[in-house]
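Below, each structure is written out as structure tokens.
Two complexes are shown next, each including chain A; its partner changes from chain B in the first to chain C in the second.
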Partner chain A sequence: MAQAFRVSDLTGIQVRPARLWTHSLSWILFVTGIALYAHFSIVRHQENPEDRVIPSATQLVQGLKSSVLEPAEEDDPLDPGATLLEQVRHSMIWKDTASSAGRFFIALLLLIPAMLLGMHMAVFPYAGAFFLRFVLFFDKIVALSLLPILFIVFGIGEWSKIMLMFIGVAPTLMLDTYNIAGGVPREQSVKAFTLKSTNLDVAYRVVLKQVLPQLINSLRLNLKPLALFLFAGEMIASTDGLAYRIAIMRRHMGMDIIIPYLLWVALLLFMLDALLRITNRRLHPWYQPL
Partner chain B sequence: MQRYPSALIFRVMKPSNPAQSKRGLRTRFAACGIALLLAFVVCWSAVPAQAAPPTFTVGWSVYAGWNPYFYMAKSGILKRWADKYGVVIKVQRFDYAASLDAFVAKNIDACTMTNMEALDMPAAAGVDSTVVLVGDYSNGNDAVLARNNLTLAQLPSKPILLVQKTVSEYLLERAMVLNGLESQLPRLKLLNTSDSDIVGAFLGDKSNQVAVTWKPLVSNIVDQDKGVKSLFDSSHIPEEILDLLVVRTDVLKRPDGSGLKFAKAIAGAWYETVAQIAAANAAAISGSAAASSDSVASYKEQLRTTFLYSSPQAAAQFTQSGELKQKMDLVRQFCFHHGLLGQNVQSVDDVAILYPDGAIQGKKDRVRLRVDATYMQLAAQGKL
Partner chain C sequence: MVDDIAPDSVLRRTEIALRDVSVSYQSGKEGRKTVLSRLNLKVAAGEFVVILGETGCGKSTLLRLILGQEFPTEGAIEVDGKPVTQIDARCGYVPQKYSLFPDRTVLGNVMYGPENAKSRFVGRFRPSFFAFRRTLRAEAEEFLMGMGLRAQDMHKYPHQLSGGMQQRVAIAQALLMHPPVLLLDEAFSALDPSTRSSLQEQLRAVWLESKPTVVFVTHNTSEALLLGTRLILLGRHGEDRMGETNLVLDMEIPQSQLPLSARIRAREFQDLLEYVKQLAYKSSSLHADDPVADRIVEEGNLA
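Right after this comes the complex of A and B.
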């Protein structure tokens, strides 16, 4: 039962936009952004046809092709007769994505015990008393300033970057998990105890089970700081990786490669976030956030 | 009503017609907003537009040969020369990479950079640039450091800490080539390390055996670790790592001639400053050391391995010589082989360099970097 549209509806709360608008309105901002970029690119290219600061569409396509099809410059060139699949497999973007993704997922795996510790801190009072203050303090230390110490302790290899990611994100996740798990009413654990459950039963089968969807959402929100620390570590000392390539390209204004890389990273993070969201919904269909 | 004074208050406060007063409130807001806007507009236009003298910005970053710009501005030498030519010159400090970005984006008019970056950044990005001053060359300021008595021949399997795609990589390549190890170049394992962290990383972890960097970071490392030796430094490749002042050609060629005045003013100020530094004037040295928060001793140590062209005659002579062309050729070949001239540049001649005698290295219609000895010549003849 569609009602006539009035201008005051734009600021109303009790409105139901037509399907057309819900699907298409959000594209307006994208189109505006792309139009602004195109405008500035054209203006700069009129002054200077070889401008690389705001690359034109052809330059971007060229940059995309060279990152997807050509090997990194430190690697040996491919035989000219290589198939498309082989070219992609040995390309710059594949190599960088593989090394960055490796570091990212190792850090992600290390964060799982951190979240479990946060849950334990909420459920077991002695664990909370022991860890809480320290985690609160450690959370406030800006991880990037610890980077020189990390380089000394872990070397310049993979582990310093993984530990940077861990130190940057784990305290936040621990505190968030602590708050979420602490929100489970005490009555439930008491009730479970009356039904002859052990401590671990309460922790894992009562508390963890019901807060898991919220924990997964918290992890989704922290994917961005995790990627941020990964990039910081790679830009400062690395031999390969997405941010390494961006840092190198920056030295000679290679924006035609940097912009495709940025969009690729955005796409990867978006897909990971979507994967986590769909997994959450599948595993916990009963979880309907208010 | 007197029995209930609160009712009186409420009666006064309660509007008679809600819809009317809401509209009244809205019109009141609108009226205030328009009044404020008018006030702003009036104030803005009340400021008379004066004829401002042309303003130019020079970007500099911390390096032994560029610190004098800070002293030049602070001591008033620059202002005196700028007033003489009727221009306003501002100096602005940047990080090195940020200064190059600002120059390419045309946010600043002139920038201090090495000859390698003059080719990579502005020239290769199509921003026509002119070298106006050749300040100095690195005569030992850049070095290849190694522990455990490693030799150059043993480098290929060890990870090397350096800032990639800068003069450090150029220095390393020249080191290998000059020692007959050119064939080993592809086997070098380069680890891109930011200059802010290279000292900590190299000193903190003894398994990092090789680093290539510049003073004062080199001095920091060598002072703190006696086992580190310099395998090769820029004194073995004199005149190849030049430190220049580069101005955008369209700024220099402004139709009202203000660009020329700017170039003359900055050249005059530079040679006056450099003369003071060469004469070890205490104020000049401490002023320049202060630019990078260095101690005077540390700055003097850096100056020791910097060959300053303190007399304009020496600078002009070098700029007009065939040596410059030879050295620039080495640099441009390096830049081309590492894709620094641009991803799609097919030949090294696509970014051409024009020299003071009219010779062009590269394709004639693709000149992007010009070397101009006029201002150094004028300074040498005392005509500034």
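Right after this comes the complex of A and C.
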């Protein structure tokens, strides 16, 4: 039978909060954040009804509406008789999301061979000897400091931003993959060899298959750094994209656009993370995280 | 069907020979540490050799040398007359842990080896491979049932099985390849006594049926005397015994032809067990020519 809640339970380690408690507690910070925002917004709007620093709910709804239904300033205005779907497809947020997502997913695809290289470094000793020291050193280079070089080499087009994301995240991901793959017990590969496996069998059918859930988790943890480098690139040199819009709106003090954009980016990353998490669980029912 | 991939493996007998094998490695400030020293050993085809010794005496190292996972600092190892230069796919291997692939079901684990042996890459998309797979699956299920698994266990993942079940599957995984040499590294040491004795019976039955050369590493004296036809007792190598072998005892186990239940009841077995226990206890400081060792060998052979 479940025990009644005691105040001392809040600092206890061997306690098991009831489901209702767990859910309630998990929403408290969200509610507090919204309440604080509303409070400060009301206070500022009492002083100045046109305040743009902490927009009111009405201003936010208006900003959201113009983001989702109106084209960007630099684009041609839409035909007044356009359908809702056409309005959304030509909207500022749609266009910016598509541009940023394109860059994001190309970088994400480029990370797959990087992870495979990390796995090879762990499994094949000569590959490890060849790459490890260089990757360890390269990992310590601050990716943003390479931005001028990337602009010179790749121009200010798409590839400089994609390469910034790749260079920013790939070495860490490679080293993480190297550590994860290196953690597969030696007995597993020995056993596989006694079961007539080739080197490639051991690498791809034994080691890679076993570490794949951990690699997906590692990728999940690197989604935010990836977005961070995307934003850095877009804010410095871009003509579209979510970060570009935020940078433009900052100049106009357009918090009514910036806040919905910020929440939209967080939601996109949250959904991508959830998708990877669910896929991981479905694909690898055998995986037992520590 | 599995016999197709290893048609003569059961009939082919494999002999293992170790000649003046020494293994040492650099151990920090302690300098060079010798694990095995001047070990000469010849395992005849079809023998069931049990290697006994305290922790750190080099028994697992010896097994890894035969397997080709490690190489000696000095000396040579041959399996079937050929020097061991890499992990030998003729050896079946059952380690104490991590013996099953966690991402494969029970059936997936035991079918992994025969599938590899049959075909690779493009060959796996041929209709003949699918037919092979169907027959193999039926055979693997039958084999696993014989090892004490139930039909509902076939699609379970290793983490859903008990330790005993996992080791049964690990043994089945190795045996389904019909290896001429079977190497077991403390394979039963993590199991409860009843599971352990049941697996001992099964291993013994498999050995009697197909007579592969078995090298079984254990630190359990009664298990060693009960299972094997030959006992090798290793002692820990110390600085005071530089250049000497750490082989303490190498003896034929008496009455090894008897069933396990009959052996364990025999008075000679109990006496021998007591002697070997004492010897194993003293082995770190005992020399191979110690009179106690001579007496045990003598009495053991007489019993």
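The rule is simple: the second predicted complex is superposed on the first by the 290 of 290 C-alpha atoms of A that agree within 3 Å, B and C clash if a C-alpha of one lies under 4 Å from a C-alpha of the other, contacts with A are read in each partner's own complex, and residues count from 1 in each chain.
Convention: a residue touches a chain if its C-beta (ideal position, glycine included) is under 8 Å from a C-beta of that chain, and two chains touch if they have at least 3 such contacts.
All of these numbers come straight from a predicted model, not from anything done at the bench.
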Assess the superposed three-chain arrangement around chain A: do chain B and chain C clash, or do they fit? fit
What is the contact status of A:209 with respect to chain B (first) and chain C (second): first, second, both, or neither? second
First (chain B), second (chain C), both or neither touched by A:254: first
With both structures fitted on chain A, tell me whether chain B or chain C touches more of chain A's residues. B
Return first, second, both or neither, reflecting whether A:86 touches chain B, chain C, both chains, or no partner chain. neither
Going by the contact rule set out at the top, does A:185 touch chain B (first), chain C (second), both, or neither? second
Smallest Cα to Cα distance in angstrom from chain B to chain C after superposition equals 35
What residues on chain A touch chain B, complex-wise? 48-53, 62-63, 66, 73-74, 76, 147-148, 151-152, 155-156, 235-239, 244, 247-248, 250-254, 256-257
Under the touch definition given earlier, write down the residues of chain C that touch chain A in their complex. 67, 69, 86-89, 91-93, 95, 97-99, 101-104, 112-113, 116-117, 120, 157-159, 173-174, 177, 179
Once bound in the complex, which stretches of chain A touch chain C? 185-188, 190-198, 201, 206, 209-210, 284-288
Chain B to chain A touching residues, read off their complex: 97, 101, 104-105, 120-121, 124-127, 159, 161, 164-166, 186, 189-194, 196-197, 200-201, 204-205, 207-208, 338-344
